[in-house]
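The same chain A turns up in both complexes below, where it pairs with chain B and then with chain C.
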Partner chain A sequence: MALPLPPGLTPAEVGFLCEMELVTVIPRQRLEGLELLGGPTQPMIPPFATPLPLWLALLLKKQRRANISPPGWLNVEALTHILDFETDERTADVFSPSPRLPQPTSTAPLEEDPYLAHDALELSPPFLKDAATAQAQDDALPYHWLELSHLLLTHAADDFDDPDAVHRLLRDLREVRMSKLRKGFRVLDAGAGVKMNGMGGMEVAEVRGFVGGVVDGLRRINRSREEARKEEEAEQRENGLGSSNYRDDEDDDML
Partner chain B sequence: MDDDIQDILDSVSRPSVPQRTLDLQALTRAWVNERTSPELLPYPSDLVERVMERVKKQIETIEDMTGTADPKSNFTLVILQTELERFKFLVRSFLRARIAKIDKYPHHYRAEALKESQATLSTPSPLLSHLEQQYLQSHQGLLSQHYHSSFLSSFPTALQKLDDTAGGISMVDKPEEDSAVFCRVLRDAGSVEIQGATSASEAELRRGDVFVIRWSAVSDAVKRGDVELI
Partner chain C sequence: MAYYNPEAILTDAQKAPCTFELAVPGLAPLNNGSAIEHGTKLDLPLWMAEMLAVSKPAGPSSTSLASLDMPPALGPRVLNALSADPKSVELRAQAQWFYGLGERMLDLFDEEKMVELLIDMFSRQTFKQRALEIADKSQNTRTTQQGGDSGDFMGGLDETERQLFRAAHDGSNAVKRWFESSSRS
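Up next is the complex of A and B:
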């Protein structure tokens, strides 16, 4: 009954999430618009490009009913450009920037709004517009870059001009970024609060166990020091202001 | 210049998003948050109810279509069924992740739910759904009955409790609020305090940033929707 998995998405679940990205499909036969649970799809009329979720595009591709046109960043030229940025010495400790974010469209929820109210729902991957369609920005890797390119290269390799070169570039990119990540682990400490902009979904899934383990382990080791510091600060505050309602944490059983 | 025009176009084309699509987005967010957070999050009862209603209708549609057995509609049927399975997976995985947390810290969540029900009459997103509450009660009832009949009854009366807090040590396990989570900032949300071993610092939460941070620092922002877990 209960899910036997630890917190954190597994690679398969990240792949599932990635399959919700919209991609551009070039139909080879007609298919009327469908009323899906996640909203209606556009009718497919060859040879007009249609945006469809990746899972549906792959289904159509496997049945040879459509071709998938790869996103703007998934070709030899764009990937070479991004790889140059990643391997440049001047940008050795940052990832290449993520695609431009659209203006926020939602407003902060009101006090009585329920959790996940529609008006307060700010879009994020895999629902961001044009992350993987043919109109996608060509000089940045979107959040689901690794999963998406893997799926496309596995199931729709014949829609690429040069799938082998793309594959090689992706592998280089992955290795460069992973080594950057590993170097970045040096800054991890008990307090966490580490900024890791530009990380991809699969990369998060890959390092979650290690990063979480290190940060949590360090926190446990340093707990007594942290608590002593907090107490000291609270004392100073008390002395300075004369009154404070600071209480010792009662559930504290580690000391 | 082009960016400005794109922004204007985006803001104009926004209101046409159907509610179903918004529900899918909300459910996906709920699932990822629940799968990655160390603590149980509020239960979006209206959302799950709407989704389940639609799933039920879709099953009926599919059954009707299977009846007519038209070879042309066969492929449409495959698509509809695939999507249905994806939705069912989302809901199921979401609920199972919640049950896993409830099973892990039953006494803690029972106390929390009790506290909540005393504080307010009804909230749009309670901590536990009605069914989850029932499950928690009866599961705990069965367990404690079993413990009693098999070994607890031979203990001294003072040691028979399962949720003892005497002596400064609580028997009630709690989820680790300070464990590290990966999160993405969706809306500028001010700054949060970061407690370190030797000093406390502040981190500014700006739209688009990705952080590894303590759950306790961002839990309120996640419930508000300013930050999502990844």
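Up next is the complex of A and C:
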């Protein structure tokens, strides 16, 4: 209650975190590796591509010390392909899938504590490597696609082959996905959710307040019924009656 | 319900009609100074109505001081209008905290049939359909505020819905602001 911020990340925070993503940079000047808080960066030696965090890449780009080579999914061809998937009637209910997860590094949980074993940490978005570097998978939108493409297009537009077309495609993609999300609002319920696989961080942050509010409102309306049901259940348990009737009712409601 | 929650307090301050079952001389101030007899009808704030309806006076009679009636905001007229078209009813004109009021009344009333009806009505149709409408309208606040075809849209929302509207609007607004600020620097 005392915290004025809503729960979850705000769009500005998501945008900030996006700047941690690694992008591929083609340096124009030599630069020694830097010891940053997020880990050391590779030294920059002019003709060779180097992965750098986005914020540093943008800074160097502004100083004309480097060019950014856009990730594989951020070009006209790949985006057209993804947009086709999004607008296809057969896949009208789903978002285009997020990039493939890396191969699991461990198969069976260790005998000791499986959570502490270092090789048992499976990565998932937004912690995937190479989501925005030149090695990125080119047929899927990564977690930070909206923020990253916006930053690259506004600050490094001259590194794109056709920035206007890319911009147009991104705008189309965003609109298609927003309308899909809006369609998903219809199935919201006190206990139900929307399937949001493949959603980007910014899109989630945008609708979090609304979706949370709707679900909470529905939950409050249904509260008295829930409580009555719980009481009934407790009563039946006290009386030692089988609760089969109650179970049946619940199953019907769930359908 | 949280003790320090102003929304809960305001919800409880909404009025509900009560019928007194007994003559209560001590409560005359509630009725503008005239005496309260058996059968007097008064609109009382929900918190007081609840106490009067639940508490039983010591003495031979076993009835409570007053009985609580359904407030007109949840009466058949409004419910019929809601089932006809959830979007056309101005909930705010019925009660400022319409859903809060409904929620409290559901707590207090035990008639199963009515409770089921209300819940179904609220959750399946009214709340959801109106929420969808809110989501759409919140994307385009100019028409909502400057009175296009939906000039009094905001005026018909109850407080819970206004909060939803604000949440939806804040979300897309924050994204827009981030886009603008990140293209400047």
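Note that in this section the second predicted complex is superposed on the first by the 199 of 255 C-alpha atoms of A that agree within 3 Å, B and C clash if a C-alpha of one lies under 4 Å from a C-alpha of the other, contacts with A are read in each partner's own complex, and residues count from 1 in each chain.
Convention: contacts are C-beta pairs under 8 Å (C-beta built on N, C-alpha and C of every residue); 3 or more make two chains touch, one makes a residue touch a chain.
A quick note: this is a predicted structure, and the numbers were derived from the prediction, not measured.
Engineer: Which of the two partners, first being chain B and second being chain C, lies in contact with A:Leu36: first, second, both, or neither?
Structural biologist: After superposing on A, A:Leu36 lies in contact with chain B but is clear of chain C.
Engineer: Per the contact definition in the header, classify A:Pro7: touching chain B only (first), chain C only (second), both, or neither.
Structural biologist: Touch partner of A:Pro7: chain B, not chain C.
Engineer: Would you sort A:Lys230 into first (chain B), second (chain C), both or neither based on which partner it touches?
Structural biologist: first
Engineer: For A:Asn222, decide between first (touching chain B), second (touching chain C), both and neither.
Structural biologist: Both partners.
Engineer: Examine A:Lys195 and indicate which partner it touches, taking first as chain B and second as chain C; both and neither are also allowed.
Structural biologist: first
Engineer: See if chain A has more residues touched by chain B or by chain C, and give me that chain.
Structural biologist: Looking at chain B versus chain C, the one contacting more residues of chain A is B.
Engineer: Look at A:Leu59 in the shared chain and tell me whether it touches chain B only, chain C only, both, or neither; answer first, second, both or neither.
Structural biologist: first
Engineer: If we overlay the two complexes on their shared chain A, which of chain B and chain C does A:Gly212 touch? Say first, second, both or neither.
Structural biologist: It touches chain B and chain C both.
Engineer: Once the shared chain is lined up, is A:Ile45 touching chain B (first), chain C (second), both, or neither of them?
Structural biologist: Neither chain B nor chain C is touched by A:Ile45.
Engineer: Could you say whether A:Leu17 touches chain B, chain C, both of them, or neither, answering first, second, both or neither?
Structural biologist: In the superposition, A:Leu17 contacts chain B only.
Engineer: For chain A, which residues lie in the overlap of the chain B contacts and the chain C contacts?
Structural biologist: Chain A residues touching both partners: 1, 188-190, 208, 212, 218, 222, 225.
Engineer: Report the residues of chain A in contact with chain B in the complex, numbered from low to high.
Structural biologist: 1-5, 7-9, 13, 16-17, 19-20, 31, 34, 36-40, 55-56, 59, 63, 65, 98, 100-106, 108-109, 112-118, 120-124, 126-127, 129, 188-199, 201, 204, 208, 211-212, 215-216, 218-219, 222, 225-226, 229-230, 233, 250-251, 253
Engineer: Which chain A residues qualify as touching chain C in the complex?
Structural biologist: By the definition above, chain A touches chain C via 1, 6, 10-12, 14-15, 147, 150-151, 154-155, 182, 185-186, 188-190, 202, 205-210, 212-214, 217-218, 220-225, 228.
Engineer: Touching chain A in the complex: which residues of chain B?
Structural biologist: Interface residues on the chain B side: 3, 7, 10-11, 14, 17-22, 24-26, 28-30, 32, 35-38, 41-47, 51, 54-55, 58, 75-76, 78-80, 82-84, 86-87, 89, 93, 96-97, 99-100, 102-103, 123-125, 168-170, 174, 176, 178-182, 184, 186-187, 192, 194-201, 203, 207-214, 217, 223-226, 228, 230.
Engineer: Using the touch definition from the top, list the residues of chain C that touch chain A in their complex.
Structural biologist: 2, 4-5, 99, 102-103, 106-107, 115-116, 119, 122-123, 127-128, 131-132, 135-136, 138, 160, 163-164, 167-168, 170-172, 174-175, 177-179, 181-183
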